[in-house]
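This is the structure, below, for whatever I ask next.
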Amino acid sequence: MENFKIADKEFKSRLFTGTGKFKNSQLMKEALEASESELATVALKRVDAGDAHDQILTHLNHDRISLLPNTSGVRTAKEAVFAAQLAREALETNWIKLEIHPDPKYLMPDPIETLKATEELAKLGFIVLPYIHADPVLCKRLEDAGTSAVMPLGSPIGSNKGLKTIDFLEIIIEQANVPVVVDAGIGAPSDAAKAMELGADACLVNTAIAVSDNPVQMAIAFKMAIEAGRMAYEAKLASPVNNAIASSPLLTAFLDEL
Amino acid sequence: MENFKIADKEFKSRLFTGTGKFKNSQLMKEALEASESELATVALKRVDAGDAHDQILTHLNHDRISLLPNTSGVRTAKEAVFAAQLAREALETNWIKLEIHPDPKYLMPDPIETLKATEELAKLGFIVLPYIHADPVLCKRLEDAGTSAVMPLGSPIGSNKGLKTIDFLEIIIEQANVPVVVDAGIGAPSDAAKAMELGADACLVNTAIAVSDNPVQMAIAFKMAIEAGRMAYEAKLASPVNNAIASSPLLTAFLDEL
Amino acid sequence: MENFKIADKEFKSRLFTGTGKFKNSQLMKEALEASESELATVALKRVDAGDAHDQILTHLNHDRISLLPNTSGVRTAKEAVFAAQLAREALETNWIKLEIHPDPKYLMPDPIETLKATEELAKLGFIVLPYIHADPVLCKRLEDAGTSAVMPLGSPIGSNKGLKTIDFLEIIIEQANVPVVVDAGIGAPSDAAKAMELGADACLVNTAIAVSDNPVQMAIAFKMAIEAGRMAYEAKLASPVNNAIASSPLLTAFLDEL
Amino acid sequence: MENFKIADKEFKSRLFTGTGKFKNSQLMKEALEASESELATVALKRVDAGDAHDQILTHLNHDRISLLPNTSGVRTAKEAVFAAQLAREALETNWIKLEIHPDPKYLMPDPIETLKATEELAKLGFIVLPYIHADPVLCKRLEDAGTSAVMPLGSPIGSNKGLKTIDFLEIIIEQANVPVVVDAGIGAPSDAAKAMELGADACLVNTAIAVSDNPVQMAIAFKMAIEAGRMAYEAKLASPVNNAIASSPLLTAFLDEL
């Protein structure tokens, strides 16, 4: 399985994770370690730069896993840029996951503000990973604006509905010049495997791991499913056909000869 | 991950494989070894009991992988019973995968002949694994007839269409007292993972591995996807919800306070 | 729109209806009239041959709509044959909708008993319309047994889940020599239209009409959707394509010339 | 069936049509008349204001059907505004269907330029109907910008793939304060019926009618399917359930009593 790069950072693991919704920090730490993820998103609000004992910062092994602050909860490009700057200061990283979702019910991202924020943040030297609807044209415009990756959704955040945007993810992947990370809605390892089989570069999974009865085991399951999907993509899957095609030679002729 | 049993045989691997459609026997051998599968189906016609150099028999390590002869190509219960007896003699196994599909185009199984053959073969001491449509009532009748497992299809054999029978597989799995092995149509690791997430006991995959550009890598991908799906099933997946639910605490309140 | 025939009876309407689950008989009567259906299934248990005031019998205009007694609730071929004979006597019709579903939870039909009952009833001169899973091989065997139509399900009875068996309905329709009536699970006019677009000869709809807030309006909606689907089938639908194809000539060249 | 309004124009028909791709103008005229559509989109390029004999203008009965010029082929807001002004002059209408799709392969719309053009055109007094991806947040922003309706896509233009955006159309419909017209990708009457069942106000259908073997019959089929879907929406559809629920009382008890 090939490694892949976002900006100048190389990743072995194609599973990006999140730090929200776990029952406690210890469980979060164990699940993230088991996942072998090298990038975990963290809500800016959970980070308190002045508090040396912040749980997320202290619990994770920062040699292995990098933090990707997100702007969850901002409603405009202006708020997002401000949040990104806070995050850079607090976490000493210029990576930012841009999430601008003004609607509190479905948390669907705002394409206009997201593009505007990406333009500004890229100019300010940020590595921008914007969370977006599976919108192929927006992806191209984000590329022009200097995005380092695109993060189209499978379905609304936390819905566990899986990949409801396959037809559009396929177009995005076909046309992308930056890595495509499928984000949001991935509810099961089979969803993540499917995203990888389509040719996505990585998946971000949070809720489905965090709220499981056994987050550590679920983290491993996602890790394996993502590797499986990627390996299948590299080994090339056969296309569906309309007729059945026997995998075993038919015995008919043999029986006829008897 | 729990082991599971069919009849008195215990399996670590939940991936059953097939021996058809590979470019050559060497590739078949390597892929099956990589898959860690412990049961591989083989068409009776390919077995020649009198020929010591039969490729399948000699190529596989029989300590690790058992052969499951199938009756592919028979059209009636009578032919199936005859074929099973030939297979028992040739391969020294009383396990038989029952495939009765009179229609040469879609190879859909015949429920009537399959039940009849299962009854007879069970009486004759066979361990019967019948290939069937995803028919919940037929599954119960096969149990009554002494089947050792049921093998409902995802979609027509060799079609790579994936799981087109999910609603019925769910009923079968809910009601089954014997292992449920999803067979036929599984075109990608994500399909196999999904079957396992539904609670199937195992999957049989042949075409998707054999016709891939890289059967060894594809075999490993299926192995991992099936383990991932099973682990997710055991760790329990969350249900889809209609609203989005933020995995990150929203920054809104925080920004409002500024 | 062409008429179609089952046995020697010609139908203008391709919507078959049911008489169950309506709030009252008056509403049932009005909905069935609005539907313009010419065949309505009725549970044998609701028919009391000796009672001149039986609601269903007296409420429907028998010049326009024929009754199709069904065997809902029988569990074996023997019970079904007995029920069909009762129905013939009570309703003076040799048409019978065969429903044999031993499982009380999902009411999935029994393929074995259904075939057996069809054989016997056909010999006894009945016009048999068996309710079955969407099983292509069973359909062929029912044809051999003398069935007058096949009634494959879209999804479990009363589930309103729509067409979960499309891949198998397509095979059934392709191979059928008797009319194909999609029965069970049709939850919305769009489902019925889709079944007709696939080439089904008719649909049976009961629950979705009966439990609607406005059964009369819903009956008309189904009537129209079924006609629409059939007309589209006859006028031939275009296949899906992978690229977009502009329906309007693009203005680009024009603008370039300015 | 209720009428509905866009801006100050009241519509009886919820089927909007297009004028492209028909074999000839006579067939187009007949199909549009049969459809009973009251609004037909026309590409600006096909309109030649100086030519009194322009086929589209002369063939349609303008008492019954209004023309909705579209900007198909423009790539920016600036081009779109210019095109809209040309159209206003040529066709004496301030209605404009905004289509800005820079990508020639999939013709997916550009959210940024579409919003910008909507703002400008609304200020210039146009009744703007923008073609967009099924993006709930963009819909809200278009409302703020003064759009008169939103036209989210089902799937790429001309693809006939049907409704690949159901999960997002549902959110759009739930949140909309302007009419929602599902546009693009509708390949069959069942797709249009489904869109109406979801609560869309109207559908625009062009390719599926124009390229059919019998455009007149197909136009009638879409007309009926759309009415059926709307009537079902108004009469309220039942939700899917997981168990089967018999529509006929079961005969079991009755037989047990014998």
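By written order: A, B, C and D. Residues from 1 in each chain.
The working rule: contacts are C-beta pairs under 8 Å (C-beta built on N, C-alpha and C of every residue); 3 or more make two chains touch, one makes a residue touch a chain.
For clarity, every value in this text was computed on a predicted model and none was experimentally measured.
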Any chain that touches subunit D and subunit C: none
Smallest count of steps, each to a touching chain, taking subunit B to subunit D: 2
Chain of greatest Cα-centre distance to subunit A: C
Angle (degrees, nearest 5) of the CA superposition of subunit A onto subunit D: 180
Fraction-based call for subunit B against subunit A, same above half, different below: same
Euclidean distance of C-alpha centroids - subunit B vs subunit C, Å: 33
Chain centre separation (subunit A, subunit C; CA means) in Å: 45
Sequence positions of subunit C contacting 2 or more other chains: 106, 108, 156, 161
All pairs of touching chains, each written as two labels joined by a dash: A-B, A-D, B-C, C-D
Sites on subunit C touched by subunit B in the complex: 101-103, 106, 108-112, 115, 133, 135-138, 140-141, 155-156, 161, 164, 166-168, 171, 175
Footprint of subunit B on subunit A - complex, ascending: 18, 20-21, 41-46, 70-75, 79, 82-83, 99, 104-108, 156-162, 187-191, 193-194, 197, 206-208, 210-215, 217-218, 220-225, 227-229, 231-232, 234-255
